[in-house]
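These notes open a run of structures that come right after.
Here subunit A shows up in two complexes: once beside subunit B, once beside subunit C.
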Partner chain A sequence: MTSLKSRSYWLLSLGLVVLLFVVAQQLPQLQLFPEDWNLGWREPINDFKRWVVINRTTHWLFLLIFEPLSAVLDFVIRFVEDVLLWLPWPIIVLGFFLSANKISGLRLALLVTACLVLMGLFGLWKESMQTLALMSISVIVSLLIGVPLGIWAAQNDRVDAILRPILDAMQTVPIFVYLIPVLLFFGVARVPSAIATIVYALPPAIRLTNLGIRGVSADLLEAADAFGSTARQRMRKVQIPVAMPSILTGVNQTIMMALSIVVLAALIGSGGLGDVVLKSLRRLRVGSALEAGLAIVVMAILLDRFSAALGQRSIQFSQPQFQGFRLFPASWQANGFAQRIEGAIDALYVRSGNLNAWIKSRLPERFRSDWASMLLVCAVVAIPLLLLGIDNFPRDWNIGISKPVDNLVEWMRVNLYNIGDSGIGTGPFRDFLIVQIFLPLTNFLTNVVPWTVIVLIATVLAFRTGNWKLTIGVVLMLVFVGLLGMWGFAMDTLGQTLIAVVLCILLGIPLGIWASRNDTVDQLLRPVLDLLQTIPIFVYLVPVIMLFGTGSVAGLIASLVYSIAPVVRLTNLGIRKVDETVKESATAFGSTGWQRLIKVEVPLALPEIMLGINQTTMMVLAMVIIAGLVGATGLGLEVIQGFANDNLGRSVEAGLAMVMLAMVIDRIAQAWADKAAEAANLKA
Partner chain B sequence: MKIRKFGLLTALMAIFAMMAAACGGGAQEKITLVANPWPASELNVAVAKIIIEKELGNEVEIVALDENAQWDALAAGDVDASLEVWPSGHGERIDEYIGELATVEDGGKLGPLGEIGWYVPTYVVDANPAMATWEGYTTAEAAAMFASAETGDNGRFLGADPSWVQNDEAIIANLGMPFQVVWTGSEEALVAEVASAYSREEPVLFYFYAPHALFSAYDLTQVELPAYSDDCYADAAAIDCAYPADELMKILSGGLAEKDSAVHSFLKNFNYGSDAQIAMLGDMDGGASVDEAAQNWVDANEDVWRAWLP
Partner chain C sequence: MSIVQLRNIWKIFGPTPQHVLKNISPQASRAEIQAETGHVVAVRDVSLDIAEGEIFVVMGLSGSGKSTLIRCLSRLIEPTGGDVIINGQNVTEMNETDLRDLRRNTVSMVFQRFGLFPHRRVIDNVAYGLEVRGVDAAERYAHCAEILKLVDLQDWGNHYPHELSGGMQQRVGLARALAVDPQIMLCDEPFSALDPLIRRDMQNELLHLQKTLKKTMIFITHDFLEALKLGDRIAIMKDGVVVQVGTPQQIVANPADAYVREFIQDVPRSRVLTAETIMGPANAATATDQSIPAHTTLEELIPLVAPTDAALPVVNGNGEVVGAVDRAAVLQALAAA
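Presenting the complex of A and B:
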């Protein structure tokens, strides 16, 4: 509502809020969400589940549709898994090495080799290959579904409008909600794990394909039309190639999302690395859990770089020429030893190139290619290895890190909990948070503030930042949370989310600003943030509990660790993007560094910062479920309780409430970020 | 183009061959057993796998599955059996799946008794012998000793996963103890919290159960509650005595008897004492893998398992 002046709008809103607050004290209907408004979805959902359990082995729906589908998928995954486990491990490493070299170059080839060998050295070769098989198939299926859907959505606005909320829901519904349904429809072990992974990993593939194709400039399309291309030609020759970078980001995100649920998939029998994490945690072996967690991270790096290189190749169309490989930084060039090693690598590289050329020249013309030659080399090396009976990575090469990690965790929980009984340490910090912040805030949100006031506040915010459409949507979504009977739990979760987001902002924005000023800090932070996002949360949950005890604080710390990355990254990006001339003119007007930061850089970077906060909030909400596992109350606990008590209806209701909460926050934050971007543009 | 067609054809043939193999029904059907993510459960199925494969000739596959998720898989016949269920955690499912729907079969007892109760680290009892029984926990001093930020003046009692059947709130109220139950959310969280307190030698009182790997890592003592009786459990709100023993049970898919009666009767007979589990767990602490520990037990105890065979 732009006609009202900003200040009077807020004052009026504040007045309304206070008025409603007072009125609600007299009217219980406005104070607590009326229980008899409950939609009562729980029982019908449970009845449906029971129907599935009873008819699973007899009904045509399962016999003719789900079982064959699941049999085919099971066959494919098992086949890939069997092949990976049957092949001698050096062949797999060699195969990856050669293809990485062919696709991108020696640098990638060495990285990929290091990743694979590390999995072996942790003693997790077999588990890694199982996870690799499952992940590759899931990602491929996600892309086979996602990219065409994304193209369709880009061409058809109605499809796009229908897909959008579905994709939001797919990403925010906690996976615990659909673990049981997936299991009911697709059986156990590999297939349901793959399906759950696909459901979770699909949205980025669709979204980014859509975004990329919609982003192709109109001029380009007109030019294509002018040359008389058909719609199909235009898509294949112009739109898809131009949208390729965006599509590839989608591929990359899909891989990351898929790997982030490896541990949860182990609950329904995926086996592999996720299972190792679960088992280790049950036995308090933090070190072994960390090893398996790192193996997952390493696999993410491997797949990420590999897919990125593949994508780059499809964009460039040309082979990079070999220019000698630099293993060490340029400043080491003077060092004779470094020179000799690099020289040896170069020589070896050129020799093997010659060998490849020689093999290729002997091949029949029809098959003459690098790939055929590589296949031949692998096969020749494989025969003696197979005869020797080598398959998995040798167990006794194990150089695990679990012992030192266990010792470190032990040391931390003894020494950091309460340093020298001084009242400083993780234990007293936990107590402070609980007594001073958590208990008062949750009590305030659940017991003191009437539900109508929360709805009014959301309305005021939505109306100010967006339009009437957004406002109606927000109100409907919030009321729906109440109708599901989840109002109290949702407010509990909202309180925890707010605390976590505020802490992320307080820590993340200064870190981001620091990183934007100092390249060394930036370089150091980057890999740390990547690691925090890819390492399975379960892995650091146990150390967090040991340091901070169970309950909301453990959940909060875990959320903080997991969710802080976007704020830091985007603040850094936003400030770095501020135009040099603007900065210079600010300095010319005599502002100090501090003034320039507050008055110029931060306001101009606000759109990015808002986007970062939005992403962080979504990630915090995704962690709510994990917080439930360590004793935090709220929606997360409801979902898990439903899972554990054979009450699917309860899980679904709590899961839907979570989706609504996430969408309300996301839509308002998004609208706010758009406003901020507009304002920043005006200023610039 | 030709090559591609050929490839497609072989793939299709492979799929048909596989489906034919799956439906054709060889003499021996493949058996799928569930391993839950704790060592004893893995050991049970590893032992069963060795014996079934050797003596009955079926191929056995082991699937790692969550204990809550396994019920639906058993009901649908996707898996055939799970060998270590703690009934206290699955009361509703036992009623529904075994009783009402009869899609899951009660496979009889596994043998070991689960001992559910209240535990403290032994150093608590050493410093304060009164803490060996529940009477030691009725005073305000005891409450202050175990108090935490969220419980205020009350002592903190650590509960486990709130979905398990736990009567601690009733017991605490009915015995007049100034304590408050704090849920830890999951077994992992409870174990981590106990380990953390233990390493700092802090007092901690918690719900737990034996046998569990935790007992080999830490020295724990069970707190004595008034003895269990059926009368005491007649009214859930009035419970003021110890937990009954949890008799570990096996659960089988409802279709297993029809699918393979030999395996069905073997799994129903499968029963050993907790000493067998303890021996294998000890073997694993010595560095053996699950499969090795199971194999060692099978080699040394042929007289025991021979009796289970049909």
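Presenting the complex of A and C:
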């Protein structure tokens, strides 16, 4: 492969493509994917589903396995939910406040409190607690399965070798594909959404536990052995504690993954906040969708910071770190009012510390801990509140933002859609995109370019970047898409993906370069990118739909916003990572800033930039289904419509096609990025 | 009676070490074996006897196999061939339980990069050996508080290792090894990660501790001066082979080969060589009013022999005359480098 000169390889490939183009004009089998090659999986799948529906109450598989599992999970979730709703809301806030304070300090405690109160003020307390219950149980089960599996994989290379590709696939596969079998066996309700969440959130728990334990340095293992530890002692006393920061990062990621599918889980009946988002979106009540979306964001922030603080706490110090807390900026120090408030906070803090010490001193020795004393305080406060009959957040404390948002949307719909009938505005912009770009590109990919040419191009790329194995895999996967009867839809999706990726690159790389040059830009961009990755995908859709209505354009813009972060981030990182002396020598030879950028920094940062593009592409593909939810055509819409029309076979076919497409693109991009990294290393 | 005996220890790294061991030709060098079989001979036919209560230093450059050798002792690395005999028991034949008992009770270790557990307080690091042995908490904390006093860290028990300086961390490492009250301590370059001044302090502290504890220590170093300072006896390794074993004086006075001579070049001979190593026969003594203890260094000897032409008698610990030194002998010894 390397013996082939690069230029002649591409010329040869181009020649083949042209040749195939011409030949395909004569042979219709090479032009359009022959319909009679269809594997016809749709009906058998639907038959199977019908069989499941009929036998759900009689077959042993359901009676002995799925039903009991379902019953246990349902009981636990319901129980937690009931407890959360039965407890007076101030106790839940107090509990979170005290634990956050214990774990990290007053700052986190106040943040957590603000988050919870905001959920209440949106009038979404009940739904938030439902989501919290479902989330907690799902995350706990994920960890109960994931951490032991991770430990096992860390000890046993064979287990690791088996798990690794499965986890890779699990993270490549669009979320929706998990829902299909779950839906099949568990129907629509709380339990299947919990199971889908558990499965989806599992990989980081396994991966990071494994990584953490494998990362424990050989020095420590040797020391443990030298003192005569048994394998068990070594694991319990050394490996797991040392790996704890990594394991807790896994917990944090597990939580974030679980939260990111709250809305999707609502599709199969999870209830809670996701349900509010979905129902509001369906009725195009943007205001309340935004409220529920924000509540999810707030919960994400709460759980993220909370679990991240747990991770940091595991890096230990003998004395509590300095607990200085300033509510106001330093420049306000002279202000008497600010001083008085801060003084009051300090005093209160010291008093409650004393109270805690007093309570602890009264507790029996075995239970003498901050946690026990906190539990006691909560219980004592809870009793009068329960007697007063306070449970949920009071309804009339609502500061809902749905009205003003709805008004704003209405205003935008009226005023921005087509400003003064001038042909300028979001409506004409959307029409332009659809008519001038989407439709022609889709038409070009599906009707003009023969399917064989697409396969050939993918083959050429795969062969150039990877090896024989990759090439054969790519060809098989693409043909499989055709055999599923999804070629046309796949090309539609491919076209939209290409447009989104190209736009991400065109916007993201300059932004990344700018951020690498300018610290202010970097600092401004960082929290924005963080936020974009924390917010559940659906929330992007709300304002986008407001402006552009449903359809492919809304899908495109949502994909863009969701997926641009990695390109920006990694471009910035890559350029900043370039060795200072290399930059200096470029300057010393009299390069202009631009020359230095183009000739030195960008080439050296190429591996990172490629990685960013790869990640962005995968994120765009992950958005395909969600884009389908807002009416973007292609595979996503096929999956959704399959669901809507009780045609599971159609959903499965489209879902599988999507997995194939994602894998083809990912593997080629991955091989390409590896190659770029190799080349950069050789240069260095 | 030697407490540790190594009998023909071999360690070969590679896919089929046993096969290579059987077919090895005695003349082949390490590089030749590696080129021919792809196996690395880390330790080659090493036999040593280590006496109770001595500090036995194994000295060699990096890659000489000294760290591998010390690990073969408690089978942290499994020797390819040969026997390790500790207290008359053959360690190489022990099953897993007996081996663990040996590591828990008899042999402990201090590591080059400390190997402290970052998630455990200093006191819990020191208590680790007792903890895995199953000693209950109150007892092990009481004992370890004592041990911390011994290494002058009594106020640091509740801190975490990363809050301590490098020298302090290694004192924790030392304390951890001492806490199990082992017969034998293996020290794998314990001081080489430390600054020179701190290293000197630690060496002095180790010698000070050893005066009262009288442990058998097997001490690895690549620093010849450290070996001279600490070692009762020194084994010098090169390419997996022990090239010379002897007291510091014997080695400085009679280096076995060019490799050993290299090390000796920078040694301040006047501080290492003693009257005992350079003395002539006892009947040559001519002075009677003055005698010299056998362990007097040349540095101390010079002012004594300088003013006189007479040969001074050298006496051992029991006051018996064992030899004689004169000015000429001292000058010759100093010049021999």
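One rule holds in what follows: the second predicted complex is superposed on the first by the 557 of 684 C-alpha atoms of A that agree within 3 Å, B and C clash if a C-alpha of one lies under 4 Å from a C-alpha of the other, contacts with A are read in each partner's own complex, and residues count from 1 in each chain.
Going forward, a residue touches a chain if its C-beta (ideal position, glycine included) is under 8 Å from a C-beta of that chain, and two chains touch if they have at least 3 such contacts.
For clarity, every value in this text was computed on a predicted model and none was experimentally measured.
Once the shared chain is lined up, is A:644 touching subunit B (first), subunit C (second), both, or neither of them?
first
Could you look at A:95 and tell me whether it touches subunit B, subunit C, both or neither (first, second, both, neither)?
After superposing on A, A:95 lies clear of both subunit B and subunit C.
Go through the superposed model and pick first if A:212 touches only subunit B, second if only subunit C, both, or neither.
neither
Just subunit B (first), just subunit C (second), both, or neither: which does A:546 touch?
After superposition on chain A, A:546 lies in contact with subunit B alone.
Should A:250 be classified as contacting the first partner (subunit B), the second (subunit C), both, or neither?
In the superposition, A:250 contacts neither subunit B nor subunit C.
Touching A:282, do we find subunit B (first), subunit C (second), both, or neither?
first
When the two structures are overlaid on chain A, which partner does A:226 contact: first (subunit B), second (subunit C), both, or neither?
After superposing on A, A:226 lies in contact with subunit C but is clear of subunit B.
Mind telling me which of the two, subunit B or subunit C, contacts the most residues of subunit A?
Ranking subunit B and subunit C by residues of subunit A touched puts B first.
What residues on subunit A does subunit C touch that subunit B touches too?
Touching subunit B and subunit C on subunit A: no residues.
Could you please specify the touching residues of subunit B with respect to subunit A in the complex?
Listed in rising order, the residues are 14-15, 18-19, 22, 32, 37-39, 42, 63-66, 68-69, 71-73, 75-79, 92-93, 96, 101, 103, 148-150, 158, 161-163, 182-193, 195-196, 199-200, 213-214, 217, 255.
Any idea which subunit A residues touch subunit C in the complex?
Residue positions touching the partner: 219-220, 222-230, 233, 237-238, 241-242, 244, 314, 316-318.
Under the touch definition given earlier, write down the residues of subunit C that touch subunit A in their complex.
74, 76, 100-105, 107-109, 111, 113-121, 128-129, 131-133, 158-160, 163, 176, 180, 186
For a test of understanding, state which residues of subunit A touch subunit B in their complex under the given definition.
Subunit A reaches subunit B through residues 50, 53-54, 56-57, 71-72, 75, 179-180, 183-184, 187-189, 266-269, 271, 275, 278-279, 281-284, 410, 413-414, 417-418, 430-432, 434-435, 439, 541-542, 545-547, 549-551, 554, 628-632, 637, 640-641, 643-646.
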